[in-house]
Every structure is written in structure tokens, then in C-alpha cells.
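Worksheet: the structure to be examined is printed underneath.
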Amino acid sequence: MMVYLDNNSTTPMDNRVKDIYCKSTELFGNVNVIYQLGIDARRAMNEAYDILYPGIGAADEDDIIITSSTSEGNNTVIKTFIDAFLKGSGKKHIITTVSEHSSIKAPCAYAKTLGMEVTYLYTDENGRIDPIELENAIREDTALISVLFASNESGAIQPIKEISQIARKHNIPFHCDGAQAIGKVKVNVRDLGVDYFTFSAHKFHGPKGVGGLYVREGAPYVNLIHGGNQMGGKRGGSVYLNGMIAMAEALKLANEHLDEMHTRVAKLRDKLEEAILQIPDTKSYVDKKYRLPNTVVASFRGIEGESMLWDLNVNGIYAATGSSCSSERLEGSEVLEALGEDPEIAHTGIIFSLSRFTTEEEIDYVIEKLPGIVERLRAISMTYAKVAPK
Amino acid sequence: MMVYLDNNSTTPMDNRVKDIYCKSTELFGNVNVIYQLGIDARRAMNEAYDILYPGIGAADEDDIIITSSTSEGNNTVIKTFIDAFLKGSGKKHIITTVSEHSSIKAPCAYAKTLGMEVTYLYTDENGRIDPIELENAIREDTALISVLFASNESGAIQPIKEISQIARKHNIPFHCDGAQAIGKVKVNVRDLGVDYFTFSAHKFHGPKGVGGLYVREGAPYVNLIHGGNQMGGKRGGSVYLNGMIAMAEALKLANEHLDEMHTRVAKLRDKLEEAILQIPDTKSYVDKKYRLPNTVVASFRGIEGESMLWDLNVNGIYAATGSSCSSERLEGSEVLEALGEDPEIAHTGIIFSLSRFTTEEEIDYVIEKLPGIVERLRAISMTYAKVAPK
Amino acid sequence: QYSNKVIDRMNNPKYLGEFTEEDAKKRGLKLVVADFGSEACGDAVRLYWLVDPKTDKIVDARFKSFGCGTAIASSDMMTELTIGKTVDEAMKITNLDVEKALRDDPNTPAFPPQKMHCSVMAYDVIIEAAAKYKGKNADELRDNEIVCECARVTRKEIEDIIR
């Protein structure tokens, strides 16, 4: 049996999406030309927009720029304010959080190399920032607030509406990295009150290499990719049309399956979580009411995360220790440390993330295998050794 | 009959590429993780690199960064030098050409907003720059030379080797926009002597939304998309793996069909060109020895380019007036003006670009239709009217 | 993206052609020939009118064009719209009237917004022709109608900006 529980990293494509994805490669004509092929392509593009706009609650006058990923969108937003700073906006300060993805942290680090300043808000034991702290962090020269919707690692959902109200009150543009939002909660960017919102199709059973950057009407914008008049001049490069069309379909399906996510999938998640907590010396993190419905973060005392992944993998179970890139960077532990866990335990964290394709059978299989895996690895573990150095 | 002769804008996917493209969407595991799915994905990625490196003649120690497009790669290169300038390199000057694509011109224009200076070299009646002029344009503070391999519009091929020698002599990094190179000529980046080389898969029968940025070992590099350690830390964002794999296949096939391009396809191009020149008051541009083997640029006196596209389209023939975006931007004429054509004729230019999928039957069909189209449109044309205002 | 009327008129313009002085003389009418735009700029149109000097009525009209499909279809429609009108009435025709007349259904634009400029020439050439007929300068006859509906831009505004 193969059980894929790393859906916060990336998801398999829905077969319905895949069909459209492959079929629409036929629409290869340039969308900007008058000939029939181009007109067909343009029409398909407009149909995709007609799904994307209501799909995230955007207004007609807003922009949705088709990008290659959340990472691209995040960089575009941060660099819009780097540009303004370089041109004398006088706004050198960015507020963000410690639980952002590298695609926010890295461009923020870059902003610093150009003389900007960044405040990283800490999160509490539920992985959430405190809006009051956020408000206190605001300065005269704050250019941007950027807070992710939810963490792929802790699953913690941030109080985005409260944050957007504060941002609005102080008249500061607010970006929300929404990579973990679509398919897990109903997204309405206008309701949320964000100025920017980024997402990637591959996080919700769409294709890789395509994402969206929502830009509220009138929000500052500077191209990351300068070029021709594609995307209304807001992003150069030929449009990845079949990707865009498939993303629209994936969004539609994600929204259609939201109920299922909050009932069936959340229940499976709960079942898994309870089974884990039956095992001695385990712990789960982040209060469910603040957590993505598909996510469990658990620690298994004495078992280093990567070794756990190994044994899970041997059993055909795929989970994660931290962010997508953690396996090379060993940063998984930061997740639990940020949730207030002791360093010794922090390295034993595992993230299980389900999807609408996860079945009860699969979860039962994992529940069946876990105790044995834990036992084997604890037998190896120093933590459980009886004799220690004197 | 449908005859697609706008292959310099974008190309249909080869079916063999499409198969691989769709199949490899199954490889959805994150390439950076240790579990089996990730390992399979990583292996496929490495296999793709094993085709891409020799496919463009890159050395092992060089980088090929998988991007979303040539446009992204072009922006990455230009902005690497913007970054250096902002950090005090003292190099504020970029040399490029008037015949670059918007994805070079636009970031160059952006560089100017930050205080840099740009020299646009003019081209001659063959659409080529003069290397001596290039050398004369070099200044103490020249940061970068960027010259496209060939123009999608005029088809003119630049003297890249000569340019790279000059660049090397003066120790100036040299970027070549190679969007029009692959599949039309044998590309060997080391032979060419370039430091950067960019391309897009959709120009050589690969998928949209994926491209490559070659970076010679040791050449300066700053991320456009900052993020995690994907692409060795050089580009954030989850890898568009099936796109990358398909691009590698497309490159392999493009190289395999090079001979055909220079024999069969070039002959068809010649046949079309001769037939066009049989029609009175027509002209073709750029000496064949400097022109892409698949391209004819012709003017039809009295017939505005867009109206020509219309009639071609009615007959199922797809061609172009200028750059992909010209239909919205009315810049097609710049191509012929740059080749020294009179303004009244410049607006009558049409670009026909063939591919390895173009058949003799198709070209014969176009040749059959063209005279009638020209006749009809000249009957509408003011140029051929007998009575003029006094 | 294009209405059937645009497509029809591009494929088979009804008022394509020209009149000569002889045509005018034979019918006892006055020939007016006016150009707007230039081939060097990429868009141009020429309008031929046969006007009854007694009533100022445009009895017949033809056009020639150097422009895209939209320009040709717009010119054809514009030419048709001027027939049967007096010169003063014809001057009231705007590119928006031409665009509306080219719609298949009243609520769907006849062509994409970025092609709107191609129909503007159709208005301008009427003014040129009217000026010729009246022996006046075309600039005196232009007023402030809206030429770009999307942006609500008037001709005068455009001219002020260009100046």
C-alpha cells in the first residue's frame, strides 16, 4: 500500500484536471494575435479567468496575475516594495513572521542587503502571531505587512482578517501568502481584506509550474518579470495556458470539495491524531480550531524525524519533517521549537497532511503500522537506552 | 487546410514530448525529500539534466536553472547586474541591441529607472549589429553585454562568437537571449563563449511555462526568485518537473532534427520566398546566410500587415506581423524600418516561420492562395487607388 | 471576438471602391475625396463622396483603406452610414456609432477594445471630407465628442495631451 500524507508539500493532480491539462496543450496559439488559433486560446484564457476570479472572491477590477508559483508571487510583492524604497519612498520596514516560507524569508533577507529592515513576529504555542504585537511593530516607515495564511509545517492558521483590519487602519499594504489556503478553507480575498494573495496550483491538485498572484485594485505593483504586454503588462513571458486552465479547474474542484475537507478528511485526520496520541510519549501541536483541517503535527520522543520518515517510507507511507526543502537543510526542528517545544523533542516532529484523496483504508493502514515503527526506532534510540555515560 | 507559419512565436508540442509531459505528471513527489516518490522525481530530474547539459553544450560545472521562460531568464540576468550596481559595483552601463525582445528591453528600461544607462546598438539592412560598433560602445563602467541569438521577427542571426570574443577581451559578462536558437541551429554555449544563455521550451515543440537559464561557472548571479534550495538555491519555487522533463525531450528531438531543418525545411522556406517574390511589388529581407533557416520576412506593398493576417487566417494560414504582442501594440513595422525599409512599406511586413512539422503540401497551399489574397487586398488598398484627394 | 458583421464587411466590403470626376459629372454631383492617416504611420483611409450641391446630401460613397480588418470593416460601415445624410448630419457620426452599427447584438462589442482606435479613423475622415466640401479647415469642425468609451476620453483631451 502507498499512502501519501505530504499534501502540504505538493499534491497529485486530480484526473479531471489532468485531462484538461493535457488536452489544452492543443491551444498553443499566441493569445495576443488576431488569428483563429490565438482567438481560441484567448477565449480559453478568459474562461479560466472567469473561474479564477469568483473562485477566490476577487472583484473584476482587481488583477490576478498568472505566475509560475507562490514563490514567484511572494517575490513580486516583496520586490515591489524594495523598488519603492530604492526610489525614495522612505518606507524601509517590512513586518512578517517567523513561520513564513523561504519564499518570503529569502526576499526579505535580500531586502536587507539593500538597506531595508525586517521585523519577524514570533508565534505562540498555537503557531499564531499576536495581532497586538503586530500593531505594536508598525512604524512610520513600514512599507508592507506579509503574513502567511497558514503554515505548511504547523498547519496553524493566522488571524488574517484581524491583521488586514490593522493594516488598513494604518494604511499599510498587506500581503498574504495563501499557498496553504485553497482547498482547505473557503478563500475570499475581498472578505479577508488583503491587498495581495499568492497561491500555487500544485498545492490543490493542479499542475506544477503555475500559480496566481492576486493584486487588489490600486495596490502598488512592480513587475518581477518585465516584458511585453502579457498579463496586462504585469508579467512578461508567454502564458503557460494549459497550466492556467488546469489551475482554474483545480480551483473549482477544490472549492467544490471544501465540505468534504471539513467533514470526511478532517475526521480522518482526527482519527490519525488520536491513534498517534495513543502511543506513549507522543504529542500533537496546535489547537484544532486554529489548524488546517488536513494536518497533524506530532512528535515521537526519542525518534529523530528523518529516521521516522525512513521507516514510514519503507512501509509506503509518505510524510514530512518540515518544509519541503528541510530534508536537505535540517530545519524541520524549527517548527516545533517555534511552537515552544524543547529542543530534544523538536527534532522528533512529523507532519502528516491529508487530502481529499486520502481514504479511511489508508489512514487505518498508517494507524496499524505506526506502533511497530515507533517501537523499532525507539529500540534504536539513545533516549530510551537504559545505560548512560557516568 | 490549416497551415501554421508562426513558429517563431510558439510551436505545437511534439506528440512524443506531449506523451512524456503528461505521463510525468505522476512524478509529483517533492524532489527534495528522502522518500521513494521524491527519489523517483529526483532521478527523473537528473535524467533531464543529463539531456539538457550536453544538449546545449554546457559543462558540468556550469548551471542550468530551470525557469518559467526566456523572459524570466532574461530578467534574472539583467537584474543580477542591477543588484551589483545598487551595491556599488560602479558598473552602470548595459550594451544591448534595438532588435531585442521586450523581455530584454523592458528590464533594461527598468534598470534606467534605478540610474543605469543602456546603449542600444543599431542593426544594418541584414538586421545585424556591427561588432566594431559594439566594441566602441564599451565603457569603463559597462556591466553587461546582452545580444539576442536571432530575432523572431527579422530572423537575423547575430555574430555571437565575435561578440563573445570582444566581451571576453574586455572582461565583460555576455548574455545571449537564445529563444530563437534551439531547433534552428546547433547550440553549444561553450563554443559560443557566452556567460548566460536563455531559452523557452515552447519555441522548440516543448511545453509552455518552462525554460532554461544557462549560467557559466563563476558568472555573477543573483536570484530573481529568492526562496528555498531548489535549483541549488538559485531559484525558489517548486520545480515544474514534468515541464522540465518534457523540455529535455524536446531539446533532444530538436537537435536530432537539425539536419532536416537545414535541408527540407529550409528548402520549403526558399520555395515560399521565391513564390512571394513572383508577386509584383513584394520584397524579402535579410540575406539568407544571416537568416534563420525557417524564416521569411516579406513586404507586400499597399497591404497593411494586419489585414494580410486577416485574409491569411480566413484561408487557414497563420503568420505574424511582428513580435507576438504586435497585434496589440502596432509595432510590427519597426522590424522592417530597422532593416532600412521606407515607412510606407514597413507596415506591410509579414513573417512566415516554418517548423519541422511544415509540409510541402502546406507550402504549396500557401503559394496557391497568396496571389488571390494580395489581389483582393490591393483592390481595397489606397495605395493602388486611381483617384487621390486634391 | 469579432462580430459577424465585422467579419462580413472585412471579407466583402460593400462600399469598397472609388469615384472619379467623370462619375460625378455624369450624375451632376460634386466629388469629394479625403484622406485621413498615412501609410507611413500604418493606418490610413480614403473616403469618396458624391454630394448633391443643392441639398448637401451625400448621394453615394466609397472608400479605400490601408489598415487592419477592423479598420476596413469600420470604414465600410462608416461609408454606408454617411450615404443619404447631409454633410452636416454625417459629421455627427462618431466611431462609436460605427462600432455600434457593427454589433451583432446591442450588448456585445463588435471588436476587442484594443481595436477601438482602428475605428477612430472612420470618424476623422468624415470631418476631413466635410471640411473639403465646405472649404474649411478640418480642425475647426472637430468638437469634443468621446472617442474612447472605455476611458471616457474626448478628442479634445487627446489633442491637448499630444500637444
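By letter and in written order, the chains are A, B and C; residue numbering begins at 1 in each of them.
Here, a contact is a pair of C-beta atoms (placed from the backbone, for glycine too) under 8 Å apart; a residue touches a chain by one contact, two chains touch by 3 or more.
Remember, predicted model here, so these are calculated numbers, not experimental data.
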Longest centre-to-centre distance from subunit C, chain (CA-based): A
Chain nearest the overall C-alpha centroid of the shown protein atoms: B
Distance between chain centroids, defined by C-alpha means - subunit B, subunit C (Å): 39
Chain centre separation in whole Å, for subunit B relative to subunit A (CA means): 34
Distance from subunit C to subunit A - Cα centre to Cα centre, in angstrom: 55
Residues of subunit A touching at least two other chains: 34
Multi-chain contact sites of subunit C, meaning residues that touch two or more partners: 68-69
For the subunit B and subunit A complex, residues of the former touching the latter: 4, 6, 9-13, 18, 21-22, 25-26, 28-30, 32-38, 67-72, 74-75, 86-87, 101-103, 106-107, 109-110, 113-114, 200, 202, 207-210, 223-230, 236-243, 306, 309-310, 312-313, 318, 320, 323-325, 327-329
Complex contact set, residues of subunit C against subunit B: 10-11, 13, 16, 18-21, 33-35, 38-46, 48, 64-69, 71-72, 114, 132
Subunit B residues touching subunit C - in the complex, by the definition given at the top: 302, 304-307, 309-310, 314, 328, 330, 333, 342-344, 346-347, 379-383, 385-390
